[in-house]
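In what comes next, chain A is part of two complexes: it sits with chain B in the first one and with chain C in the second one.
Now for the complex of A and B:
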C-alpha cells in the first residue's frame, strides 16, 4: 500500500461509528472484515493486535468529536433530549466528519443538516432549529474577526448612497420562537451541572429536561462580541431588516427603506427609531466601512 | 413627500451614528487595567444586551489539540486510565469525562 492508500484506509476505519460496546465495528462500510483491513497496514505489537491498535484511534476520534459537539450545543441537547441528541450527533458526524484542524468548526453544518433531517429532532424540530441557530451564532461570534468601527470623519462623509459594513462577529438571526431566554436558562443549567472539578453529574444531566413553555412568535436576534465575551440582543423587525440590507451591501438609503417595508411603525415615529437604532449600533461598534474600504 | 421622509430618516441615521460613536469613544477612554478593557457594562445593559454565558475561553482553548495527556478525564472501555500516568496512545480519552453516547447502544 502506498501512503495515500494507508491514509484513506485509516481514515475510513477511524470515521466509522463505534459499536454499542464502544468498540470498532467488525466490518467496514463496504462489508470487508475490519481485522483483515487493519492487518493490511498495521503490524501487531507485544500487547495488541492490528485491530486493537486501530480501534484506539477509532474510539479516540468519536469520544472527542461527540464530546465537543455536545459542549457547543448544550441547549439543543436539552431540547431534543440526551438520547436523541446522541443519535443526532452520531448521524450528523457520520455525514459531516471533522475536516478541520480545529474542533471549533465541527458544528458549522449542523443547522442546515438538522433542517434536512427533522426526524432527529422529534416534535420540537422548529424549536430545536432555533436553538441550534443561536448556539452556533454564539460560537461564530466568539471568534469571528473584529474590524475598526466607523470614525467620526467617515460618518461625516456618508450620504444616502453610501454603503456600510457590519462587524464580522455580528450574527443576525430570525427565529420562529423567542428561544433566546430558553438557551440562556439551559446554558445556566449546564454550568450548574458541571462541578468546579469539571465532573458532570451524569444522572441529572441525562434526565429529561422540563422546558418552560416557549411561545411561537417571530423573533429577531443579534449575537456579537464585546470585550471578549459573547452577548445577544433582541432586535425590532425593522431593525433586523435594516441591518440585513446593510450586510447585503445595499446603500444606506435603500437599507432604511428595506427596514420599513410593510412596517406597522407610524411614519411620525420612524425618525426617532432610526436615530436610536443607529446610535445603539454605533455605540456597540457594529458599523464599519464597507468591505474593501478602509 | 417621499423624498422628504427619506431625507429625514437619513438625517436621523447619521445623527444616531454620530451620537453613538461619540458615546463609544467616551467609553473607550474609561479603560480599566492595563489591557484597555472598555467599561461599558452600563451602556450594554441600556442597549438591551444579554450575556450569552457561552464565552468561556477555557472551553474552547483545548479544541484542536490531539493529545489528551495531562488534560484529565481519561476514559476507556475497561478500566479507564486507572493506574496509568497518561492516556496518550491508550485510546478512549474524553477530556470532559463524558459518557459514551447511548446512540451506540442501539
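Now for the complex of A and C:
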C-alpha cells in the first residue's frame, strides 16, 4: 500500500463510530472484516494484534470529538439528556466530521443538521434547536472579529441612503422560546469556565437535568461581545428586522421600512424607537462602516 | 552553548505550556518563568479574549508556538487558511521558532484531530520533507518537527522511527522538537530500546525538548500529559542533553492540570541536567 492508500484506510477506520461497548466495529462501512483490513497495513506486537492497535486510535478519535462537542453545547446536552446527546453527537459527527484545522468549528453545522433530524431531540426539538442556536452564537461571538464602530459624529451624519455594517461578533437569532435565560442557567450549573471557546465539564452524572418551565414565545435575540465577554440581549421584533436588513446591505431607509413592516407600533412612535435603538447600538459599538468601506 | 540555527540561537531555558487554569496565577503573581509554549491553534482566531490574554503574556514573557494540526505527513495539501492564520500569529508572537508534529491527521480536508503515525517509508520521507520545507519557506522562521507517541506500526515501514526522523529533517533542513516522553511511550509500545533512539538522532538539529508524563495501561502506554515525568524519561532527557547540550526544554501538562507552582516545579527539575553540561562534554557525547 502506498502512503495515500494507508492514510485513506486508516482514516476510514478511525472515523467509523464505535460499538455500544466503545470498541471498534467488526465490519467496515462497505462490509469487509475490520480485522483483515487492519492486518493489511498495521503490524502486530507481542501484546496487541492489528485490530487492537487500530482500535486505540478509533477510541481516541471519538473521545476527542465527542468531548469537544459536549464542551461547546452543554445546555443542549442538558436539554436533550446525556444519553440522547451522545447519540445525536455521533450521528452528527458521522455526517459532518471536522472539516477545519481547529476543533472550534466542530459544531458549525449542528443547528442545520438538528433541524433536519428532529428524531435526535425528542419532544423538545424546538427548544433544543433554540438552545443549539444560542450556544453556537456564543462560540461565534466569543472570537469573531471586531471592527471600529462608527463615532457619534458619523452616526449623526447618517441619512436614509446610508449603508452600514454590523460588528462581526454580533449574531442575530429568531427563537421559538425565550431560551437565553435557560442557557445561562444551565451554563452556570455546568460550571462553564471561560475557555478558548467552550467549557470544562465536571465528571458528569447522566441523570436528566430538571429544567425550569420555559414559555414558548417568539423571541428575537442578539449575541454580542463586550470587554471579551459574550452577552445576550433581547430585541424587539422591529429592531431585529432592521438589523437583519442592515446586515443584508440594504440602505438605512430600506432597513427601517423592513423593520416596521406589519408592525403594531403606531407611526407616531416609530421615530422615537429608531432613535432609541441607535442610542443603544452606538453604546454597544454595533454599527460600523459598510463592508468594503473604511 | 547558545542554541543553534534551528532555534534561532536562543537558549530559552525551561518553560511550561500556557494553560487557561494558570492565567489567574500568572497575571496576579507574575511568576518568573523562562518561557511559555502556546498551542498555536488556540490563538488563530480573529479577536476576543484569547488574543487579548496572549498579548498580556507577550508583554512580560517569551513565547514559542507549538502547533497540533499542520500534519506534515498528510498526503493532501495543507489548508491555505490555516497557513495564513498561522503566519499572522507568528508575526504577533515573534516566536523564534515554531514546532508541529511529524505525523498525519487529515485526508481530503477531513480532520481527525489526532497525531496519527506515519509508515516509515521512503515515499513518506519524500512527501513529508517537501511539506516541511514548503511550510518553513512560507512562514520564514525555523520549523522543528516533533516525534509523536504511537500505538500502531505499519507493515509497509522500511526503516526505524529514528532513521525516518533523521531522513526527514535532513532533507527538509529543519529542526527537531525532541519529545523524550514520546520516545519512551513508543519504545514501550513497539518494543525497542529508547536509548537507541536518543543515541542515533542528529543532535545538532534539536531545537527544543519536550518532557511529559503518560498513563500506563495493561497492554500499552498512552501519551496523556497528565502525570509527573517518570525516572526512565528523565534518563532519556539526561542523555539527550548530554548529546545536544543545553536545549530549550518544556514540560507539557494538559489534563488534570495541577497548580501552577506544581507544574513549574516539575519542569524546573530539568535544570538538574541542563546545568551539568560543559561544552566539551557535549562535543564528546556526540
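The criterion applied here is as follows: the second predicted complex is superposed on the first by the 272 of 294 C-alpha atoms of A that agree within 3 Å, B and C clash if a C-alpha of one lies under 4 Å from a C-alpha of the other, contacts with A are read in each partner's own complex, and residues count from 1 in each chain.
Simple rule for what comes next: a contact is a pair of C-beta atoms (placed from the backbone, for glycine too) under 8 Å apart; a residue touches a chain by one contact, two chains touch by 3 or more.
The structure presented is a predicted model; accordingly, all values stated were derived computationally and were not measured.
Chemist: According to the stated criteria, A:97 is in contact with first (chain B), second (chain C), both, or neither; which is it?
Modeler: A:97: touches chain C, not chain B.
Chemist: Would you mind checking which one, chain B or chain C, touches more residues on chain A?
Modeler: Counted on chain A, the partner with more touching residues turns out to be B.
Chemist: According to the stated criteria, A:122 is in contact with first (chain B), second (chain C), both, or neither; which is it?
Modeler: Touch status of A:122: no partner.
Chemist: Check whether A:160 is in contact with chain B, with chain C, with both or with neither, and answer first, second, both or neither.
Modeler: After superposition on chain A, A:160 lies in contact with chain B alone.
Chemist: Have a look at where A:19 lands relative to chain B and chain C in the superposition and call it first, second, both or neither.
Modeler: A:19 sits against chain B, while chain C stays out of touch.
Chemist: Just to be sure I read the superposition right, which of the two partners does A:145 touch: chain B = first, chain C = second, or both, or neither?
Modeler: In the superposition, A:145 touches chain C alone.
Chemist: Quick one: classify A:45 as touching chain B (first), chain C (second), both or neither.
Modeler: Only chain C is touched by A:45; chain B is not.
Chemist: Name the contact category of A:10: first (chain B only), second (chain C only), both, or neither.
Modeler: second
Chemist: Just to be sure I read the superposition right, which of the two partners does A:60 touch: chain B = first, chain C = second, or both, or neither?
Modeler: In the superposition, A:60 touches chain B and chain C alike.
Chemist: Quick check on my understanding: which residues of chain A belong to both its chain B contact set and its chain C contact set?
Modeler: Of chain A, residues 56-57, 60, 64, 68, 101-104, 142-143, 225, 228-229 contact chain B in one complex and chain C in the other.
Chemist: Write out the stretch or stretches of chain A touching chain B in their complex.
Modeler: 17-23, 55-57, 59-60, 63-64, 66-68, 70-71, 82-83, 85-87, 89-90, 101-104, 135, 138-139, 141-143, 149-152, 155-156, 158-160, 180, 183-184, 187-188, 191, 198-200, 202, 223, 225-234, 252-253, 256-257, 260, 267, 270-272, 274-285, 287
Chemist: Under the definition above, what is the set of chain C residues touching chain A in their complex?
Modeler: Residues 20, 41-42, 44-52, 69, 73-75, 79, 81-82, 104, 106-107, 109-114, 116, 118-119, 121, 123-124, 127, 151-157, 189-191, 219-220, 222 of chain C touch chain A in their complex.
Chemist: Along chain B, where are the residues that touch chain A in the complex?
Modeler: Interface residues on the chain B side: 5-6, 8-25, 27, 37-38, 40, 43-44, 47-55, 57, 59-60, 63-64, 68, 72-73, 75-77, 89-106.
Chemist: Looking at the complex, which residues from chain A come into contact with chain C?
Modeler: The touching residues are 1-4, 6-8, 10-11, 14-15, 40-43, 45-48, 50, 52-54, 56-57, 60-61, 64-65, 68, 97-104, 142-146, 168-169, 193-196, 225, 228-229.
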